[in-house]
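Both complexes below contain chain A, partnered by chain B and then by chain C.
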Partner chain A sequence: MCQVGEDYAEPASEEPPPRQPGREQKCVKCKEGLPVVVIRAGDAFCRDCFKAFYIHKFRAVLGKNRLIFPGEKVLLAWSGGPSSSSMVWQVLEGLSRESAKRLRFVPGIVCIDEGAACGLSPEARAKALAEMKLILQTVGFPWHVVALEEVFDLPPSVLRCFAQEPVGTEGAYKAAVDSFLQQQHVLGAEGAGDSPSLAQGEEQLSWPCTQDPQNPQSPDRPPTAAQTEALSRLFDSVKTLTAKEELLQALRTHLILHVARTHGYSKVMTGDSCTRLAIKLMTSLALGRGAFLAWDTGFSDERHGDVVVVRPMREHTLKEVAFYNHLFAVPSVFTPALDTKAPEKASIHRLMEAFMLRLQDQFPSTVSTVYRTSEKLVKAPRDGCAAGPPGPRCLLCMCALDIDTAGAALLSQGGPPSPRHRAAVLRLPCEHEGLALPGPPAALHLGRGPAPQPELLPQGLHRAADPGVPG
Partner chain B sequence: MAAPLSVEVEFGGGAELLFDGVKKHQVTLPGQEEPWDIRNLLVWIKKNLLKERPELFIQGDSVRPGILVLINDADWELLGELDYQLQDQDSILFISTLHGG
Partner chain C sequence: MPAPQCATCHKARAALRRPRSGRALCGACFCAAFEAEVLHTVVAGRLLPPGAVVAVGASGGKDSTVLAHVLQVLAPRLGISLRLVAVDEGIGGYRDAALAAVRRQAARWELPLTVVAYADLFGGWTMDAVARSTAGSGRSRACCTFCGVLRRRALEEGARLVGATHIVTGHNADDMAETVLMNFLRGDAARLARGGGLGSPGEGGALPRCRPLQLASQKEVVLYAHFRRLDYFSEECVYAPEAFRGHARHLLKLLEAARPSAVLDLVHSAERLALAPAARPPAPGACSRCGALASRALCQACALLDGLNRGRPRLAIGKGRRGLDEAGPPRDGEPERAPAPDAVPAF
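So, the complex of A and B:
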């Protein structure tokens, strides 16, 4: 047992402190393998059990939520980082299994080149892109690489919430799966070499040909220097790192959704891990986004209407992801981000990350506790598109605005916002090109930090003279 | 008296940025009075390999929270963390998880 005066620095002593699992222990699952990784608080897994545990979690999250229908087109948002790389790898492995347990959707990959926002030189960007393309070609799914500069070319339709397709009931999901399996069976019986699992692990023939993965409508042309310059100026004009990160997030989301809509994807998968989502939950609270936590951190995010964002990695901690990627050689590309090498107090995101990770170090159930809390969050009934007439939405994050209905009539007549309102209203005349939207005037959440300068926002969003927001 | 050791120190997940972008380092630790353990290795790394921003890698006498340590492809929590005694030809890998995926 642990003695108060025991001197751990003795060279002869090889015994680790008893409270920690030692190497002489066996894997907690199979009881015979040599453990290689400690998950949660004290569960040591051997390599094979860890792999099974990891893969099972991924399949379980997808299976539990039953949102992805067979044959559906799903866009995987890949940043090159460990979590999204792991997700892509899981999808790749999941699609090549024996027919009964195989994943059944049609994937594509989108990768956003954010180098301009992070201040990378053109050479660094080109180098990162080359590495990414190498991996994309290995994976073999249809892929789209889009530069963040293209956000300037987005049509105003991205800001509209499309009518939501009715979510299938339990019966509908089962029926869809059954009919899909029947189709596969019929195709298999008719032969024609359509066997689901080819020897080399190639993808099914029912996918579009991946010889020329790039969309022929938008050929792979690098962004112009003027666009890069405009994007740099936009980000430079944002004074705080917190606001920059939020802006980057908003622009990235719009771009990914645009790619999804253009190419007919109905779902987008992002690689947000458990750790990241726990940090995001706390950060969102600090940023005043408490009302939207369920959408920001939940498994599915339907705020955009026609395209649903899902987060299948939300039960994997960053430690599990890093271990899996290392032990099983999952390729990933490291690109410096906005907050690389930033000091701890540079932004709310960094501060919250440091806080959570430090707490996690001493109390290993911190992240999972925060995560469990996020699972209990329920989306409010007035969801925007689904119930009743659609209310005004924030331009940047597309969440429904929380303004009280009494003042809504006043706003739609173009009246001045009263101090009661919690959102700033920017009046857009309908003849304004670009962001002119039919219906009530567009409105913008005022987050922390100053907003970007008017002439530098995409498509020239003009600020009203008096924001009228208290505090 | 500890004999000189030859170990491989590797950095991943972005940690290599603090080491001039070099991921793998084959290092020879000189013989010294105290035995080489991870604690002493970190001090040595801070003095000899770390090129900038030590606070982003080391905190106190351990690594910063968010940086994983693997010793011969195994979690260091299984091996005693800072108290693990280094052996010749060991491979120590530091993976930073402090960036998004």
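So, the complex of A and C:
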């Protein structure tokens, strides 16, 4: 309806007559097969053409943004849900010998068990874990199952920010591939057994449940009850569901990246689909993360320095993913998430999801329009902002701090705030709500007033903070 | 249980809690705080220098009424003088009642009032005529697109008539947040790139515009009008139910209920967006017909009117715009010609 640039030039009488549904309709691509699915507002595809279309899109996204080097170790983040399962299946098929132009990287799978945060009982968690292991064994890549409780054991070095490579140009890709292959060759010559992680001075923790298909007999060490208790306490201390979701995402990202670093993976692939990314974009807007949209929803996310997060499923809508999984029997595991069965108004994330899906019903181009806008975002501070040396980074999301330094003092309702009040409230950088650290007051934006009731981070995360980072 | 004491004067009983901070204040202290915040917005942003002649866009609704009242209170301190400019879009059954409210306000505040009408400025095209012209194709009427563009044009004209140096409008924080949401949902990268900030400084000869109420939440505007007993017109426009903004408004209300800071967070996000250079609008020039600020050969107002006069009202909306920039004046004998004979709007 109200899309900018929508073409209204032709008067209504020249509209093509509506297509007759029924026996006469054929696949729009090959014009022969019987269509089984309609995608993209009116295009009917037959089974084979749909499969070709789907696979082609996956390859095209990888090929267009030339970031994956041949022979590189890539970690696939699998949650058990439909999008990430589809991604794992695509990689599996893409690596098989029969496929044309087969993919040339070395995959591994990581799966984070978040049952403690979602309040699942140990039996439910064990059951879900067993189902997942079945599928992981079928897939056959080296896999790592990590419980979210491990986040308490993360070394402070995860918060250290590594130097970022600037985004390269065409010639840079070839040069990068060459240097990468050279590096691999050198490492192979030195006889290193496992590719050493690229970070210096990284501690090697003993990770439970790390499997190679060749030796499946490693002992299973579930997290201790004390750790589970600590994690539940952490999540209970966060008052709103919105903040819980954000915390979960931050912890999950840190954990996945640590697994990647420890085992020498230089890229991580996540299965965010087009629909999910559009919802994520709108949610980030509402949370005040406008400055970081390009990192949150773009194809590649290099803010962690050495490990790059890549989103190859970003052009597949949820509908396509669901139909593909159904038609081609892609296995997936359902695990309840933080907001399963939560009412619609419980968190910003739920609200946005419900809103976008409802709007999509009425205006079928909503998701693709938001996605196209996200493609126009660039990873740079807005013109006019200081382009000086990179400042300190947020502990949770590793983005540069985004605080108002407009110089306007806090305007309160009648008189300056008391010193005690000032000391207790620091609008946490990057707009993470519900979590506040004591410290000097930041210059707050005019008229916003003091932040809502702050809570302090529990001691566990204080320990994890690198003492060198401010706050 | 009796209400708590006012947190500021500690004398009167509190009459409300401020929506964002939860402080309990009595009516007088709240109004004083509201006025102080608007003053701070204007002074910190250097929006209205002393000696400015300020044209207030008055529609008779709550936002412009509160704006005019607050500016009147602050006028001696800021050293500005005010003029009321009301725009008559020609929407029957709505605008006439609103204008009556504006006239009452002008009489009460003793401010000079100028009314500019679409029918005079735009060759007889009232909003009702536009709605009739764009109706009937099964698609939406897109009335708000026309009304918004033409109203800004009309406001500029009215401001020039009264010799103003600045234009102020009563947009509040909720309006800004809705606009951000709407622009994202419609994929309007150009507006997103341009938006944010406290108004436009007035490039290319256009008068500088600003929005002093930009950081005030809608609830506070309504409360202020209540405590100061201001008389305003509170019905919604006849064409409002069709507007796309309704979706954004509904979403914003839900977001605000879930997290009160969402409104200002949206505005903050929009200020910090970084869009690719290709997505940004081109540097503005002048319209070839009327000389106003324009990014293309024709300014949007001239383009829209051209489409209306040619009997193809959607010509300037969307991709059809491309053919328009090279076009000449409209031909005679068009079936839906406006009643007035002059095709080119007389500015």
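For this structure, a couple of remarks:
Please note the rule applied: the second predicted complex is superposed on the first by the 309 of 471 C-alpha atoms of A that agree within 3 Å, B and C clash if a C-alpha of one lies under 4 Å from a C-alpha of the other, contacts with A are read in each partner's own complex, and residues count from 1 in each chain.
Here is the rule we use: a contact is a pair of C-beta atoms (placed from the backbone, for glycine too) under 8 Å apart; a residue touches a chain by one contact, two chains touch by 3 or more.
As the structure is a prediction and not an experimental result, all values here were calculated from the model.
Look at A:S83: by the touch rule set out above, it reaches chain B but stays clear of chain C.
Once the two complexes are laid over each other on the shared chain, residue contacts for A:R289 go to chain C alone; chain B is not touched. Look at A:T242: by the touch rule set out above, it reaches chain C but stays clear of chain B.
In the superposed pair of complexes, A:D361 makes contact with chain B only, with no contact to chain C.
The larger set of touched chain A residues comes from C, when the choice is between chain B and chain C.
Using the contact criterion defined above for the overlaid structures, shared-chain residue A:L351 touches chain C, although it does not reach chain B. Applying the stated touch rule to the two superposed structures, the overlap between the chain B and chain C interfaces on chain A comprises residues 8-9, 11.
Contacts from chain A toward chain B in the complex involve residues 8-9, 11, 14, 16-17, 20-23, 25, 35-38, 44, 79, 81-87, 271-273, 275-276, 313, 318-319, 321-323, 326-327, 334, 336-337, 340-341, 343-344, 353-354, 357-358, 360-361. By the touch criterion given at the top, residues 1-9, 11-12, 240, 242, 281-282, 284-291, 293-294, 345-348, 351-352, 355, 359, 366, 369-370, 372-373, 376-382, 402, 404, 406, 408, 411, 413-415, 431, 433, 445-452 of chain A touch chain C in their complex. Within the complex, the chain B residues that touch chain A are 12-14, 16-18, 34-35, 53, 55-56, 65-66, 68, 70, 73-75, 77-81, 83, 85, 93, 95, 97-101. Chain contact summary for the complex, chain C toward chain A: residues 7-8, 18, 20-21, 23, 25, 29, 32-33, 36-37, 40-41, 44, 137-140, 142, 180-181, 184-190, 192, 215-216, 244, 247, 251, 254-255, 257-262, 264-266, 268-276, 278-279, 312, 314-315, 317-320, 323.
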